[in-house]
Structure formats: structure tokens, C-alpha cells
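Multiple structures are listed underneath, in C-alpha cells.
Note that chain A is present in both complexes that follow, paired respectively with chain B and with chain C.
Now for the complex of A and B:
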């Protein structure tokens, strides 16, 4: 039973990390390589806020907003210039943004690792089904589930979601109908940055906050997004669950095979269902 | 440029590059250039900064000179990967570097060692622990002044014996040097009667140990051996702390904690036992002087990585200076037979047979420190003599 609970926590942490990436691709058609760097930046800003305020919750509230503002600035100053061009320009541009964000982070916080303490409320373990589960893991499950539901409702059921989908599906028509497409795009990218930073803050009590943390996580994000279907939030949720549970079971029974199994699933998806296991064409959520 | 001029220049460049590197450098002693390839990012990124500060202090202590010329460092980040390590070292050797210093991960260090052998350039290792780096009749130009995995595993065995631990669950970084270490521990465990009740190999860079920790918590192990270090070690101990794994089990490892790692780990590090490469609390005059100078320069106590880098660089530069020569062979001969009586760790002796420094092994536990000590500090609990840790060569 503990394996299932841990698998769920792995799944929702993966989802929190990948949600912004799939959102930006689904709505803007941009493969944002800088997503990992924004995640890292979120963790660093979260560290700073937690250090200054003494509160993890303040970090969770403030850091994503700060990174979202930076994301909006990045989108206006760089990405907005290359929407009409080939994907390779966007990939190269976002790769360049990684280097800028990394160096800026190094200048501000240095190369030493930082630590964000687990909030006192969630610091201990909880006995569940005969196993000791970290309370923080349970928080990740609840928080991740809430975020996934809110994202789904926002994109699939709200007026904002309708505007975003309209601007994504046919920007010219949406513009004719009075939608400010440029502003919608900026908002979507900023929201993607917000989600990345939120993932960084949530992950910070589990891992050291360090400059390389974005590189390692971006691979996992792409695995989730490819398996779930590029641009599909629903797919990202299901792919995160598939991967998280596979990893939990793998680490329980065959630790050395976990990475291999993960990438076999990825390759099989690309070979037999390249649009993703859970992709529904035309849907974002 | 005329075709003939171009061909002459190309030919001259090819001829120059065909000579062994030291031959070329022997004629250019305007400076002593150290190519330092360390990790400033990646799994062992935490370690590079301390090593840099330690090595720089060793140079500063000499007035920044050796053999009468200024010493210049080139610092490069290998990102904890062998390929960037080799690329960057090759570029610096092409610029006339007189020696290689590094790396941190044994994979990178082994790659640098091959380069050192090919180019006949001295290579100083002060942190990588893979036993393969120093084997009898091995790399002629490569020297290690720090611990080997073998001696650290031996310390783990000895610690488990002293603490009366019987059942051990092991997590090992899925990496050659730590796998070898696990095999050595398993062999010794069988000899002395410990039972290994479970073992897992976690990929280098693992960010989530929760499933492995859960398996440990459900086992009947009385001790957890963590053959994982750097970021991964920090991540493991932090996540273990979230289920209070150390409350009723002894957590220990060959290089699991020191003050730097403990500061990032947080309170979960308390009570964790670890081999320590160097410690600022060692009572001897050279160490007191080093700690004082380091604190004056950096406002903090030196880490084990800084201490080892300082000690190794100081020893090496002294041997080079004493050789009074710019011939690399003289440096090697002088260093491989040297005794370092005033090491910050006590006495060290370079073994000519395998270029490994014979030295004491330190073991400690993370405890709460009181000012001016770091908030979490290592208390040295055991010092193992060299003859108990090193076999005959």
C-alpha cells in the first residue's frame, strides 16, 4: 500500500513539473527548453522568500508570481518575435534562455547549494496502511491533485480557457472576434512559468536547490509530455500517473531497471503512438 | 598566406605537437600553469568550490610561486561528466599547462589520468576514491593524496563492528566506484558476520529515494549503509529524515556527510555517521595554521574537500620546488618517494609502488555545533591508523 501512496506522490510531483511545459506547447506550439531553468529559478526565489520570511507557504505563494512576471517579460522580449518561424528557432531561443537564467542565478545566489526546510506542519511522518509516509508526500498528492483539477477547469470549462483555446486554434479568427492574441500568448507563457516555479518550490524541501536541478528535471518533463501527448493536460496527468506508479513499482522490485523501463515506455510511445498515449486531437485539456 | 608558408607552419605545428608535452614546456618556465578540472555543477557540483579555495590557499601560502615563477590556475567545470573533463583538460594542455588537478567524480578522474599518461603530464588527485586510480605499476604521472574507496569501506566495516551492527541495508550509487565499494563491503561483511538484508542501486542523480527508504523502513535492518555522496547523499538523508529513518537505525556511509553537506541536508543529518576525508578539528600545528588562514580568507571552517585539496597541492608543490628542475621526471621521482611529515592530517607517505598516499582514516558523526563551529558539525569519533587500512603494495 505504501508503494501506491509513494507512487501517487511521485506522479503528482511529475505532473507539477510537466504541466507548464505541456501547457505552453499546447497553447503556443513552443517547445520550451527553458522550462527546467524556470523550475530552478522558482526553487531559488522560493529559497530566498523562505529565508527572508521564514515561511515555506510565503515562498509557495510569492516565488511563482515573481517567475511568472519574469516569464511574461521573456515572452514579450524574445519569444513573441519568433512565433511565426520554424520550431527550431524557438528551440534555440529557449535554449539560449537557459544559459541566461543559469548565469543570472549564479550571479545572484552563487554556486553553493541552498536548503529549503520542510514546513513544520509537514515535517514528520504519518502512519498510513501500516507504513510510515512523510506528511510532505501526502501534501504533494493533495496539492498536485488540486492543481490538476483547477487546470482542467480553467482550460476546459472557463471563459479564459475558451479564449486561450481560440487564440491557439485560430489566432486570426480570435483576433477578429476581439481577443487580444498577443496578450493571451504572454499570459499563457507567464502561466507556464508560474507552474514551473511552483514545481520548483514544491520540490525544494526534497532536494538540494542547485544550479543543475533544471537540467535533470527537464528530461522527466519531456518524458511525461511525450507519453501524455504534446499539449494535453489530461494526457500529462495520466502519463504522470503511469510513470510515477511504474517507478514506484520498479524501485520496489527491480531498482536497476527503473530508468530502462521508463525509456522503453517512451520509445514504444514514439514508435507506436507518436501523438501520445492519451492525446485527443484538438483538445488542450 | 602563401601555400608554402602555410605548409611550413602546419608542419611545424604538427612536429611540435608530436613531442611529449613536458619537452615543449621545459623551455617555457615563465609560469607554472595548473589545469584544474573540477565539478562546479552536476551531481558533485557542491564540492568544486571548496577544493578551489583550498588549492588556492596552498599556492598563496607559497607566495604564489614555485620554482621561482608565478603559479597560474585555470579553473574548469566538468559538470561531473568525463567528456567535458577531457575536452577542457585537452584544451588547457594545448595551452601549455604544467599539470592536471582533479577531477572529482572518479569517472572524470580516470579519464584525466589517461590523458596525463598519454601526454606525460603530472596529475594530482585529492578527492576521487576509485581504487583503480592507484594500482601497483599503474599510471606513472598520476598521484592521489587522499582516501581510496578500499580504505573507506574498511572504515565502514570497522565502524559496524565497533557499534555491534548485525543487519545492514545498503543503497549504492549505480556507478562503478561505488559498485566496487559495495562488493568490497559485501565480501568483508560475509567474513565478519554481518547480514546484508537488502540492497539497491540508485542511478547517479536520483532525486527521489522514497521507495527505497520505504523498503528500508520495512526491513529489519539495524543500520543503513549509504554508498552515495554529494547531492544524492544530501537528497537521501533529507528524505530519510522525513520518515525519521535514523530514529531507530544507524545511518552511515563512506563519504556521506561533512559540514558542507550537513548544512544543505539540515537537521536530518544529525546522528549520521560518515568517513571524513579531512577535518578542521584535528589537533596538530599545520592544521591549526591552515584553519586559521582559511577562516581569515573565507570566514568559515574549511570543508573536507578544501582540506584535502590544500594538503595535496601543498605537498605536490613542495616536491616540485625541492626537485629544483623543470623536468617532469624529476618531479615524479621526488614526489613518489616523499614523506609528508607535516600534513594537516598527520603523517602521509607516498607509496612509490602505486602512487597512493598512505594515511590515517577519519570517522565522525554529525552533531549540533556551538559558535564559532557550524550549526551542524562533524565530531571525529575514530581515527584509524594507516596500517589497518592499507595492505602491502
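Now for the complex of A and C:
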């Protein structure tokens, strides 16, 4: 039972991150290498807010907004300068951003790792089907599920979602129809940063907040989007579940090999279904 | 066209001047810096065959670089092989690994290729730091990597080893110049410009891309072995993703798709690192900033300045 709960909580954490990555890709056609750095930044800002205000919930509310604002600034000052060019330049810029964000974080918070305490409300274990489960894990599952439903509604049903889909399908036509495409792009990038930072704050009580945390996560995210098929939120959910559950099973049954499981899944997927498990489109990105 | 020839000649002069100047400066400081530049330049030249000429952005070249270094180190330290054979083995090792990686990574293209090379290289880094500890020395690395013993010269003297590195660098550069102007190099450029059209003309696009990756792997392997013996030391840090990132930065700063641009990029990178790290521990972030500015404002890198390519010009990849 606890394996399933841990697996589900890992899956939803991964999904929060992969969703932002996929969203930005769908809109800008760019894989944001700095997504992991934004996740790390979210965790650090969350740590700061939690420390100052004494409340985890304030951190969950404020930190993503702060990082989203920074994300908007980054998109305006760097990415928006090169949209007319080959996608390679945009990817390169997001790579450059990693180095700057990492060192800026080091400058502000130093080298040592930080810890964010689990909120009191969720600190204890809960009994579920005869097993003791940390309440915080259950919270992650509920929170992640709620966010994914909201995300679906936002993209599929709302006017904003329609604007985003229009602007990514045909930017010229959308702008003729009165959509401010530049603003939509900034908005989507900021929203991706928001989701990444939210993932960072939610993960903060579980893992040490440290400089390397962004990179180890981003690799898992990349694997999720490659397996799930980029641009597909549905694929991202299923691939996150696949990866999270296998990881949790790995922790329980084959601790020695857990760090390699991700890669084995990746390679197996590539050999048998290079276009991704849930993608109908080709891979000519 | 003449602008191109003059520009390339000027770049060559700058590089030659750098090599000679380092030798003329008494003491070891200049020689040590340029030794490092030459080794990384060899890596960057090979990388740019994939990145600048064939148009595939690999984010996993650290794996080829590090494994080359480890192959040579293991053969020399644990099996007593001589330096030149170990260097050749590093080239073969790099090429073989490149072939292995390409089997997986080339099932996808475009940005997915970047993601996959990154993920596969990360897998090798994880393996090297944990599972293969007896082979890699784990996170501690392996110290005491030897240098060549040729013609009775003492290559443990840094000034003598410098001459050896210059010779290898010039040979590597000449070979790459030949490759790039050969029908093979032209076919790669055709693929970068338009792979569908190149395939229609009868080129085996996948085979050519794979060949470029393998050649690049051999270059990475040799330069990795040279770096290990320059430092007398190797650790899994060479396999880390930042190494892959560094060579991308170098190629872009210098000017991807040109023969000599990446060499200048390496020189600028190492100079910046050397100077900045004396004043601040945040030099890597500052290099990131320089890199961002160069990507936005200097699309063709330093080579663009020499070759007179404006920002509006063509020459971008597709």
C-alpha cells in the first residue's frame, strides 16, 4: 500500500513539472532546459517565504507567483529576442539561463542545503487500509490531481485556453484576429515557471533544497515527455504515472538499481515506439 | 568569397599567434593555459562536425569525452599500455560509444535528439560514479595518469608536453579541414540545409549523420585522453552534463559551422574562466550571461566578426 502511495505522489510531482514543460513546448516550440532551474528557484523562494512567515501555505501561494514574475522577465529579456530564428537559439538561451539562475541562487542562499519543515497539519501519519501513510504524501496526490483537473479545464474550456491554442496553432492568424501573441507567449512561459515553482515548493518538505536538485529532476521530466509524447498533457500524465510507479516499486524491491530504471524505460520505449507511447504525431520537432 | 578567405586567414593567424606567444612567455603559466585551450579545442572541433556541420545539437558529448579519457587511463594505469596505443584506443573507444549512443539517440531527430543524448550521457555519468567504481575510481577519480614516453623527451615537463599537444592539435585540425571540404563534409551540409532534399538526391541521410557522430566521438575520445594526461588526473566530473554544456557554449561563442570559430570560442571561454575565477566564485554564471548575450546579439559568434556575417545574414541552421 505504501508503495502505491509513494508511487502516486512521485507521479503527481513529476506531472506538475512535465505539464509546464509540455505547455511551454506546445506554445513556443521550445524545450525549456531551465525548467529544472525554475523548480529549484521555487523551492528556495518557498524556503525563504516559509522561514519568514512561518507558514508553508504562504510559501505555496507566494513562491510560484514570484518565480512566474521572474519567468516573465526572463522570457521578455532573452527568448522574445530570438523567436524569428531557428529553435536551436531558443534552447541555447534556456541553457544559458540555467547557469545564471544556479549562480544567482548560490549568491543569495549559499552552498549549504536548506530544509523546509512539513506543515503541522500534514506532519503525522494516516492509517489507510491497515498501513500507516505519511499524510503529506496523500496531500501531494490530492493536490496534484486537483491541479491536473484545473489544467484540463483551463486549456480545454476557458477563453484563455482557446487563445493559447490558437496562438500556438497559427500565430499569424491569431494575431490578425486580435490576439496579442507576444503577450500570450510571455504568459505561457510565466505559467510554466509558475507550475515548476509550485512543484518545487511541494517537493521541498520531502527532499533537501539544494543546488543540484533542479538537474536531477529535469532529466526525469525529459524522460516523461519523450515517453509520453511532447505536447500531449494526457501523455504526460500517463508517462508520469508509469515512471513514478516503477520508481516506487524499485525503491521497495530493487533499491540498488533504482537510478537506472528510468533509463531502461526510456531505452525500451525508444526501441519499440520511438514516437512516444501516447503520441500520434511523428518526431520531427 | 575573398572576405571569407581573408577572415579565415586572420583567425588562423590569431590562433597561431596565441600558440607562439604562450611558448615565448617564460615560465609555465602561458603554456599551461594554452595547453588546456588546445585540448578543449580539439574536442570542440570534433563536436562542431555534429553540431555546426550536420546540424544535430548533441547535449551528451561529455560521455564521449570522459569515456575516451577513462579508456586511455585504464589501459595505461592498470594494463601498462604505452601512451600512443592508449591514445589510439581512446579514439576507438569514443567512436564505438558514439556508435552505441547513436543507435538509440538517432531514432529521433531535432530537439528530441538533444534530450536523448543528454539523458544517455547522464546515464553513463550515474553508472561511472556508482556502479563502475572499480573502473572509474568513483567520485574520487584516478590520479597519476601518465604522459607519453617518446624519443627520449621528458614530457612530464609542461613545456615539452605543450609541443606534443600542439602537434596533435595541428594534425587534428588539418584532418578536420580535409573532412569538411571533402564530399562527406559537403553532404553533411546539404543534410543540414534540407534533409528531405538531400535524401531525394540519393544521400543516405541517417548513415551520414551517424558517421559524423562517430568521427566526432573519436575526436572527443582523443581529447579526453589528452586532458587526463595533461592534468595527471581523471574523475567522473568529465562525464558531467556541465562538460557537454561547456563545449556547446564554446562552439556557439566561437561560431558554429566554421572550422576555426570553435577554437577561438574555447580560447575566450578559458580566458574568461581564468580571469573571472580570480575575482569571483560566480564565474560560471557570468559566463552564462556572456553566452546569453552572444546568442542574442552575435549569432555567428566570434567567427562572424572575422567573416563579416551580419546578424541578418543567412548561415543559420535549419
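In this section, the second predicted complex is superposed on the first by the 272 of 285 C-alpha atoms of A that agree within 3 Å, B and C clash if a C-alpha of one lies under 4 Å from a C-alpha of the other, contacts with A are read in each partner's own complex, and residues count from 1 in each chain.
Everything that follows uses one rule, which is that a contact is a pair of C-beta atoms (placed from the backbone, for glycine too) under 8 Å apart; a residue touches a chain by one contact, two chains touch by 3 or more.
Everything numeric in this text was worked out from a predicted model, so none of it was measured.
**Student:** Identify whether chain B and chain C fit side by side or clash on chain A in the overlaid structures.
**Tutor:** clash
**Student:** I'd like to know which partner A:132 touches here: chain B for first, chain C for second, both or neither.
**Tutor:** It touches chain B, and chain C stays clear.
**Student:** Using the touch definition from the top, say if A:100 reaches chain B (first), chain C (second), both or neither.
**Tutor:** A:100: touches chain C, not chain B.
**Student:** Just to be sure I read the superposition right, which of the two partners does A:259 touch: chain B = first, chain C = second, or both, or neither?
**Tutor:** both
**Student:** Please work out whether A:75 is in contact with chain B alone, chain C alone, both, or neither, and reply first, second, both or neither.
**Tutor:** Once the two structures are laid over each other on A, A:75 reaches no partner at all.
**Student:** Looking at 133-141, 205-213 or 241-249, which bit of chain C clashes with chain B?
**Tutor:** Clashing stretch of chain C against chain B: 133-141.
**Student:** What part of chain A is shared between its chain B contacts and its chain C contacts?
**Tutor:** On chain A, the residues that contact chain B in one structure and chain C in the other are 259.
**Student:** Which part of chain C faces chain A closely enough to touch in the complex?
**Tutor:** It is residues 57, 104, 107-112, 114-116, 118-120, 122-123, 126-127, 130-131, 241, 245, 248-249, 252, 281-282, 284-289, 291-292, 295-296, 299, 316-318 of chain C that touch chain A.
**Student:** In the complex, go through chain A and note every residue touching chain B.
**Tutor:** 2-3, 6, 9-10, 13, 111-115, 117-118, 123-125, 131-137, 203, 205-208, 210-212, 216-217, 247-248, 251-252, 255-256, 258-259
**Student:** Which of the residues in chain B end up touching chain A in this complex?
**Tutor:** For this pair, the touching residues of chain B are 40-43, 45-46, 48-49, 79, 174, 200-203, 205, 207-208, 210-212, 214-215, 217-218, 231, 234-235, 238-239, 242-244, 263-266.
**Student:** In their complex, what parts of chain A are in touch with chain C?
**Tutor:** On the chain A side, the touching residues are 30-31, 78, 81-82, 85-89, 91-93, 95-100, 102-104, 106-107, 215, 219, 222-223, 225-226, 230, 259-260, 263, 266-267, 270-271, 274, 283-285.
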